[in-house]
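Okay, so chain A shows up in both of these, paired with chain B first and chain C after.
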Partner chain A sequence: MTLTREAPLVTTPVVRRKPRTRDGWVTAIMVAPATVLYIVMLIVPVGLALYLSLTDWDGFSANPAFVGAANYVNLLDDPELRRAALVTLLVAAAGTAGLNLLGLGFALLVNGVSRANTFFRIVLFYPHVLSALVVGFLWSAILGTTGAVNNLVTTWGGEVLPFLSDPTWATITMIAVLVWAGFGVNVVLYLAGLQAVPHSLIEAARIDGATRLQVFRNVTLPALGPSVTVNIVLSLVTLLKTYDLVVSLTAGGPAGQTQTVAYLILWNSFHDARLGFGSAQSVLLMLVTAALAFVVTRLRRRGELAVHQ
Partner chain B sequence: MRSPRPIHALTAIGGLLLLAGCGGGGFAGGSQAQQSEGGQVTVRMLVNITPNLTQAYWDGLVKPFEQANPGIDVKIEAPTGKGVADTLPQQLAAGNAPDVVETLTADETLSKQMLDLTDQPWAKDTPLVKEASLNGRVYTVGVGVQAQSLVFYNKATFDKAGIDRPPTTLDEFDTVMGKLKAAGTLPLQTGGEFLTGLQLLQLSSPSRAQAHPTWQQDIKAGKLKAGESLLPFLERYLTWIDKGYVDKNALGMKYADAETAFLSGKSAMYVMGSWFTAAEAKAKKDFEVGVFPAPVDKGLRYPGPQGATMAAPYMILKSTPQKDAAVKLVRWLVTDPAAVKSQLKQDGNFRSGVEREFTPLEKQVQEILDTAPSGVPQGEGYGDATLPKSFNAAWNTEVQGLYVGKSPKEVAEGVDRWLAGRK
Partner chain C sequence: MRKPFLWATVAFMLIPLYVLTVNAFKDQQDILANPFGLGGLTLEPLGRALTNPQFNVVKGYAVTLLFVVSVNLLSVVLAAPAAYVIARSPKRRFRVLMLFFLAGTFIPGQVLVIPVVYVLKTLGLMGTIRGFVLFETVLTLPFSIFLYAGYIATVPAVLDQAAAVDGAGRLRTFWQIVFPLMRPAVATMVILNTFSVWNDFVNPQIILGPGSGLYTVTTGVYAAVSQYSTDYTVVFPTLLLAIAPLLVFFVFMQRHIISGLTAGATKG
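Showing the complex of A and B:
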């Protein structure tokens, strides 16, 4: 019988380093500015909006009365809000599609490294640098009833084109201008995504005989998954809050047909002196925006996982 | 082991308190008029900025006051929002309210924040002060009067269409527009933004005031419906759209573009308030502009009561720590002859008993004001005759509905529904 002696288990002693108080203070100091900013810029305003939405504050009085859920009940019965919500959803859906299609399209066009591409990247991003108010006034001067385009059209004997005077045309015009003013950001984000696509994958696909379209569909686009998600969510959230362009381009008209929810919130709160009601509308918009962003992110993530598997 | 979390929380709360201490806030609406060590007082005045009333104009206007009162510095502030109406509540909420506010007139909401000027003897002789008072209390004082129900017209287009005198009834107005259209001119200039609804209010005021002298009060009391009472005007307006008397694409024009279109001879008539005379005086044109009081319904007195609003209204915030200086400034703005004349001229406004150099068109407007039987509040109104805030805007949105397929009845119902929702 051979006795075998089991080798003793060699364990590496775990040295638990006791955090020093100084580390805690350093962490606190480093984190404090961001925490303070987050609380002051996000938590406090949201909390204040929630509180105000339960009052009848007119923006002037010292003691707003608590009205419970009355403002939220009134929201359900507000035809202006229903109309504005439809316009906002339309703007968000069509605008997100436009921003992303143009953004990705132009990103693919100016993806290579050359002087011309650098120039075109600047040109494409330029509209985003302009204030939305300036963009609105600019396009109303171009597309208004007596604007540059209609002057040309009528000079050539044509009928005035109702870019801003017909509700359908005005909504389409607004979406088009929003896309024009914003797609530069999407180009930049997609360009960043394209730089991260491994060249080895593209080269391998080409060696295997894949066409350009096949490479894009089966290699580039799946690799761009996270960029697409970021672009869609950012576009959607931005467009759901569309306000300043409405003010300068259509002023909510004709006949209030291009009023968005954000426009209505500002109008009700400050012009109409119904800050309590406006706050309830803004809480609703915040919840809808958060829910849509969450749903889109989940759907996209599921799609990305499916591609990877 | 000591967790660092409480430190995070303390730091955050400390930071918050620090920030809260730095800013104003809450509902107090405290003013921040400043007083330096040398006894210099700063009075902040929130004003309306327009093409006529620029920042430079306001700065120049108050300079003589500052020179005459070396201890007072007047700081002119332009709106940070869309206008004074939007900016004031934002400033109040931020605890950064001005001392004096121009443009707005007191209503039941605003008056709670404003200084009661009823006991100021100089306030009693200012224009429309009685009409703008609330329950007999004076909160708003103004420089002059703006006539609202005026129709400016291009004399050359009238001559071309063979029209020898301006219309006095609305039926004649229709006939005149028919003749102008037949002569190849767009009869009536209108536009988008707030212009569409404003013009119809201006045009209807003299008739409406005769049919319903206490229109705003009756609506508030539930005795009358606004939309229903104005239905005949809406029906008439729709016929103007259908017949091409107004441009069916007018809603795609901004207010300034509409004014420019009329001043460049593209249309024959333009319904507007007396402030238009200032723009007319500056415009280069090769035709003469005339003006007549808005026509009235058949059988009513012509000229009817003139829609009138207070020009350059001022209010003082109750919260001002510089009450004496603010009162002194406002008194000077509405009573000093040079300051009054300057403001009247700059924005094309009027005040009986104040002589100033008039353009020919301004002379005609002054005559219209002199012959009008009375001045009446229009639309949203002022003083005791005030409808809920934003009535004019709601009316405007509904009236624009006539251009996009709504019937006059639907528009009238929309207006009444809006009012019912504000009770």
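Showing the complex of A and C:
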């Protein structure tokens, strides 16, 4: 404190100006590189995405032609996109439900400090460390028509199970693998939320004769409110951009039935060289994601308020 | 009830890893005949995967490691000083700059892939290591700056003032006094960036492209496995080689990795 108070007394205005301009330069050197790179490679691209979505860019030409809203009009009656949107919403909805039910359920099961619980948490979490690409290839080697499980089934005289070769099965398999690979993160997040639930409240309820289920429903769950919101929004946002796993698990098949929107965006852009159209799709995906995250947060907040009233 | 159920879940989580590991040491016939058994183990498939002309795993490790190290170094060198200025300055413009960076954490990668190709082409960096490393680094900046600025705010400013009184300039004050204290925050970011760069598939696939001949572990796995997905003597050893370093790293550092990756999961 004395330092800051004494400093102005000893420095004359002339001496002060010099370090100040030098300080200005040093500050610029510290901030500018990050800022410039961030603008060039993150902010400019976002603007470019909007611009490119109004052009017919093929990825090669230097000045793509402006086509107005044509890409957006086209994507409204694109049957492929409609199907992909349906798959994506299904994956996001069912996946979010699975991730959060398992996440919260297992968080309650492995809550508390013990060696066994630490081990359980590690095992539940580990698939998140692997790339989605590897997870997909691994599960397709296990569940494919000639995969490990079907080998076992046929040796025992059963019929081949179409985990990945039937559209409905493949979609369910994909959701299951996404949940398998991801719910460990939700466990850890819910565990963090559980530490914030006041222990005295739970004890008081127990003393008043509440059953375990009643304590969970009336004390723990309401106190976990914000945690639930974070987990749901996070799962939704992550699942809406599912891409790597589609590539490796099903390659979009059978017959394109498990293509997600993200898969279609990259396919249209880099396989069909329609980057303008792909941009329009990605802008749409971004808007839908933002809108859904907003709606969920809003609904959850209203629910939380209702609990407190 | 609780314990048996948890152990059953553990089995369900680990069986894929078990299948991957044992079958990496079998030939096709043994895999098809008995995918869960331990019979007929051989090192030959693993050896072939190591010398696969489609994908040189050792080179893949080297390339990926080079990317991981460069992105981490560049990210710290760019983000830490910027975060320091933002955290220490009371000026309005730096608070606005913080919000500006924070906005970047909300931009989904999917939206960026296509226009970044345009930007990199314009700059002549498309298909180059420099372009890829720069883009991956930029992706780490928003969250790094957010995390570092929050951490620096907890470092007492008296330290800076003491250094200034002793005649240290701003740069020196930062790198010699404040930066060494940021170790936990930097460690979290390094873990996060290491996994996101190592596991990234879309960006190296598109920015580096097959034409460059540069494969990371993920794009290499894709090149080696996707066309031969029923030749299990290729699939299992390649996948095992791809995940082994990460799993070893995870086992030794699990506490830090879980907290680091969880911090990253909530950044969006």
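To be clear about the criterion, the second predicted complex is superposed on the first by the 266 of 309 C-alpha atoms of A that agree within 3 Å, B and C clash if a C-alpha of one lies under 4 Å from a C-alpha of the other, contacts with A are read in each partner's own complex, and residues count from 1 in each chain.
Heads up, the rule we're going with is that a contact is a pair of C-beta atoms (placed from the backbone, for glycine too) under 8 Å apart; a residue touches a chain by one contact, two chains touch by 3 or more.
If you're wondering where the values come from, they're calculated on a predicted model, not measured in any experiment.
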First, second, both or neither for A:Ser131, with chain B first and chain C second: second
Partner chain(s) touched by A:Gly105 [first = chain B, second = chain C, both, neither]: neither
Touched partner set for A:Thr289, first chain B, second chain C, both or neither: second
Touched partner set for A:Leu275, first chain B, second chain C, both or neither: both
Chain B versus chain C as contact partner of A:Pro198, first or second or both or neither: neither
Partner touching more residues of chain A, whether chain B or chain C: C
Partner chain(s) touched by A:Gly256 [first = chain B, second = chain C, both, neither]: first
Contacts of A:Gly158 with chain B and chain C, given as first, second, both or neither: neither
Contacts of A:Pro226 with chain B and chain C, given as first, second, both or neither: neither
First (chain B), second (chain C), both or neither touched by A:Val185: second
Contact residues of chain A, present in both the chain B and the chain C interface: 23, 27, 29, 31, 33, 35, 40, 44, 57, 59, 140, 144, 146-147, 247, 251, 266, 269-270, 275
Of chain B, residues touching chain A in the complex: 1-4, 7-8, 11-12, 15-16, 19, 27-29, 81-82, 85-86, 89-90, 92-93, 109-110, 112-113, 192-193, 247-254, 257, 260-261, 389-390, 393, 397-398, 400-401, 403-404, 406, 417, 421
Chain A residues within the chain C interface of the complex: 3-4, 22-23, 26-27, 29-31, 33-35, 37-38, 40-49, 52, 57, 59, 106, 109-110, 116, 119-134, 137-142, 144, 146-148, 151-152, 180, 185, 188-189, 192, 230, 234, 237-238, 241, 243-244, 247-248, 251, 262, 265-266, 269-270, 275, 278-279, 282-283, 285-286, 289-290
Residues of chain A defined as touching chain B within the complex: 18-19, 21, 23-25, 27-29, 31-33, 35-36, 39-40, 44, 57-64, 78-79, 140, 143-147, 160, 162-167, 170, 247, 251-257, 266-267, 269-273, 275
Complex interface listing, chain C residues touching chain A: 2-3, 5-6, 9-10, 13-14, 16-17, 19-20, 23, 31-33, 35-36, 78-79, 81-82, 84-86, 89, 94, 97, 101, 104, 106-119, 123, 134-135, 137-139, 141-142, 145, 158, 161-162, 165, 169-171, 174, 195, 198-202, 206, 217-218, 221-222, 225-226, 229-230, 232, 235-236, 239, 242-243, 246-247, 250, 254, 257-258, 261-262, 265-266, 268
